[in-house]
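Note that chain A is present in both complexes that follow, paired respectively with chain B and with chain C.
Showing the complex of A and B:
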């Protein structure tokens, strides 16, 4: 039986555990039916041209989890931001872990999706927002909608500026073979509200950067996550994604952001590893004077593969979007960037900028990039730039003449190359954490305080 | 009296496609439809040797299994391949010995096109091969060229007279099963130009082909093969027009360029097929496959000015196989009314120290759609490959669209690739500035568009640059407003 058939038939068993009279059930059954039609994308699909997703779609994968795995705090404490107060929503193997979480219903709703989805009190919110901006033809989004029942739920009420950042942490214990996880987050920022959210995906690390539980025949977990974000008028969101995973685990991430008038939303994606990582980041601008910021740093090694697909749809006048993605590729790693900007006919006075810079370091590393513009309005300023290259030889020489070793000089320049993406990171703790990861990844000892 | 934009618009609407006449020349046209017999008859009609007939049949059987591609960013009613006649030739005696024997009607046609063969012969020193309804009707300057050992003739003659050369190179750059339209062309091509420049020869004049579709209900499938032997140089021009007709006509050409070691080929095109009327009715479907192969230290340069055709779909490409080879692509694509263009290039870097430059300027006006689609591929063994790409789009009015689809694939870490794209419009301030200085709106637009496309126009040979400049003005006048 193929994975597709298996998943479709799993739906019957999955249903048994859910309330089939709820409106969510309708959404789920519709999605699984659509998924049955669409199936998994193959290489002929333009959107998956450069990512061999088939490699991770193992037939053994299952959505059913066998048991709960306990993890000692020592092993995961580095996964938390630390140093500051924060709201935390922690999931282990897709299940909520109340022990390390700190949620609230005071002032704002910061809790788990399962407690909201089938609660009458929230039915208005759910029908207004849930699954309303998700691509109804995209295989993995459909799959997530069919099977997801757990994830983070955040609702910041009108004119509230959240006092602390929110951490959404997904941990793979790796204790179980062939698990396919379907986490789902729903984030709503009401008019004039403000929040900072950090979403991260980690796995327990064993020897050689693979799962500590690995046994012969072990099949690594595949996470298929979906995040729906609604940013209402005048609201302001900073969203950070950290993907620093094992060489063997894979993530498919679909994020949909719907912005209303005068809102600002930024999304930083830090991809530092994973077997195959695919990010579909979609921004829809539904109002005037909207600003969207998409930034990313990708540093890969070994056989890792990361694919960034971004879409910014300018449907209204006087909006801006700014994209900046940098990639550093070591060893045999491969990177993909596919950025798409659509400017509708009515969307005049748009300012859209897109930049993608790549450093190829590894002898067998490669990059495929496709910065795409589709423009139907004339009074716009749209530009994109894309480079692939190496470190500047004269800059390297300059540093060497000042007594810095070649290795350190390269490290410094590489660090500087990636660093300016961090400019807009407002959370100081996070900035330092990322800088440390970057310095560590490129093996440079920075002679200065971060 | 000030010249208002309204007046300009009106004038423009009355501006007809000036090459839209038909010539009353008796033609011999095959019945419509396509099957193996038609392919055989074309081959037989042209007295081709058996290997050529077999080659065509092979391509035809491959074509039958292929599906028409749909990935491009254009929409059109697919041509019915059984409703086209695959061979149409001006009905005349076999071959002309001199121009005097050519049908005077035919000569008049060329006069109207502005390419008086006589005049060209005397003044500009351009050798012309004219292909009308897919049959080569006249080739000038053959003897002068022959002195240098240059072969310049129609491809059907080449198949007969130089079978070894043709056999060696045809289908080598664009395999007959390369794509849907290339396969179709390989099966049914009726004529085209053939050019061979021997070792170390610098072709003393510009070579030129002029294509024209005359007969209604026919498709034009010509094939061009240019071979520049070691150390040689050639500059090749290509121009095209077609009568105004309500139905869509199909043009599916194949152009193969081969630059051997140290050779250089410069290939320029001014494409001005009938673009259809203001309502988007009629016009030529221009689905062309063009590709060049570079050996060591050689250079291929494509320059194109695309102003015509209802739908254009073409990607002149360079395969930089040899070390130190260079590929260039300079393009201006103008779309107006309901025209659609999906054009760009492919630069495939395989050899060491290869370089490529892409400059693409897209200008869209009216209700047209203009796309740039390009590929820069750096192979695993292509050390020190260098690419620079720049695609700029100019939008006029808000009913048109400009799109870019650049694919960049780097598999070697020593590659250096830069890609830039911008989209803009003609600013009111720019026009105002010109107006202040006594330049009217019409001239101001021409000035700005010329400046916008200067980098490409500069690459065209003199005779073409003037024509191209005029074409740009005609295609775009009054589009702003």
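Showing the complex of A and C:
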């Protein structure tokens, strides 16, 4: 049986406990039917041309989890921001972990999605927002909608500026073979509200690590995550994704952000590893004077692969979008950047900027980068640029004339290349955490405080 | 300190410097003037150790050691400094962090301990004051978005921090307004002492009103065509290069 057939036939058993008259059952049933039609993308699919996703769609994968795994705090403490107070929603192997979480219903809802999905109190919110901006033809979004039961639920009420950041942390314990996880986050910023959210994915143990769990035939987990974000009028969201996983685990991430007028939303994606990581980041501008900011740093090594597919849909006039993605590729790692910008006929006076710069460090590393602009308005400013190359020789010489060794100069320039993307990160602890990861990934020992 | 003997330099197989001799001693200021394309910038790049320039003949001796095989960073460790005509912009690293890295790299190469943080800070403040550099400027990305004057002041600030024994100022006056010129020149003058030497490469006399040279050399077609004292620069200003 193929993975597709297996998943489709799992659906009945998966939905056993769900009230068949509930709207959520209806949404899931429709999704699985659509998935059955669409199936998994193959190589002929342009959208997946450079990412061999088949490689990780192992037939052994299952959505059913066998048991709960406990993890010592010591092993995961670095996954938290630390140093500041925050709301926390932690999941281990897709299940909520109340021990390390810190949720609230006071002033704002910061809790788990399962407690909201089938709760009558929230039925209005669910029908207004849940699964309303998700691509109804995209395989992995359909699959997630069919099988997701758990994730983070965030609702910031009107005019509230959240007092501390939210951390959404997904941890794979590695305790079970063949898990296919379907986390789902629903995030709503009501009019005039403001929030900062950090979502991260980590795995503790993979196939190549020695542990009591590993056994012949162990299959690494595959995470298929979906995040739906609604940013209402005048609201302001900073969203950060940290993907710093093992060489063997893979993530498919679909994120949909719907913005209303006068809102500002930024999403930083920090991709520091994983077997195959695919990010589909979609921004819809549904109102005037919207600003959308998409930034990314990718640093890979060994055989890792990361694919960023961004979409900014300018559907209204007087809006802006700014995309800046940088990649550093070591060893045999590979990357993809596909930046799609759609400007509707009515979306006059918009300013869309896109930049993708890549450093190929490894002799066998490669990157495919492609701007994809579809412009139907005539009075707009759209610019794009991409570079693939090595470090600037004149910059290297400049540093060396100051007594900095060739090795350090290369490290420092590589660090500076990536570091520049962090300019607008307002959360200081996060900025320092990312800077440390960057320095560590590049292998440069910096002679100054971060 | 510096002795250049019969130097021939090619850039992409084209001869640029064709038999140049120059001797610079501690405590001296030398000015090298000359028309465009005479090889002035090539000379500074080749002393600083730019590998794009091939020394095909002749020697560069620094404190009696042939430095031909030394890398740019090794030359810096020995006290050679070059102020760039076009300093490179490096977004993502601040002026302060850059200079800290440079200082400690040099100390490490000379087998010394890193400079303690408070001493570094004090030093940075002192030298920034010397060049009338605002403290906000120090936390900006290196040279990024700097005006021409800011870039040159930053170069001399680095020179002040690194305290080289031989400093080559490559067209430091270009792109400077009169105030910036005065600040840069007075900075250089304060750094000058009997143990170090400065080579000023320039088109114009005006910088030499502020930094008084002991010797003036005219570089023409890859060779020193004429040498003299500071009056030679005045003559050049008046008559141009054609009479030489």
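Note that the second predicted complex is superposed on the first by the 441 of 450 C-alpha atoms of A that agree within 3 Å, B and C clash if a C-alpha of one lies under 4 Å from a C-alpha of the other, contacts with A are read in each partner's own complex, and residues count from 1 in each chain.
By definition in this document, contacts are C-beta pairs under 8 Å (C-beta built on N, C-alpha and C of every residue); 3 or more make two chains touch, one makes a residue touch a chain.
Since the structure is predicted, the reported quantities are computational estimates derived from the model, not experimental observations.
Room for both chain B and chain C is found when the two structures are superposed via chain A, with no clash between them. Within the superposed three-chain model, A:45 lies out of touch with both chain B and chain C [touch as defined at top].
Once chain A of one complex is fitted onto chain A of the other, the partner contacts of A:368 are limited to chain B, with no touch recorded for chain C. Of the two partner chains, chain B is the only one that A:345 touches; chain C does not reach it.
By the touch criterion stated above, A:398 is placed in contact with chain C alone, chain B being left untouched.
Residue by residue along chain A, chain B and chain C are tallied for touches, and B comes out ahead. When the two complexes are laid over each other on chain A, the CA centres of chain B and chain C sit 70 degrees apart as seen from the CA centre of chain A, to the nearest 10. In the superposition on chain A, contact is made by A:380 with chain B only, not with chain C.
Legend: residue contacts after superposition of the two complexes on their common chain; A:416 is shown touching chain C, with no touch to chain B. No C-alpha atom of chain B lies closer than 16 Å to one of chain C in the superposed arrangement.
Contact residues on chain B toward chain A in their complex (touch as defined above): 71, 378, 380, 393, 395-425. Of all the residues in chain C, the ones that touch chain A in their complex are 48-52, 71-73, 75-77, 81-82, 84, 87-88, 90-93, 96-98, 100-102, 104-106, 109, 114, 141, 158, 162.
The touching residues of chain A, counted against chain C in their complex, run 392-395, 397-406, 408-409, 412-413, 415-420, 446-448.
Of all residues in chain A, only 46, 345, 348, 358, 360-390 touch chain B in the complex they form.
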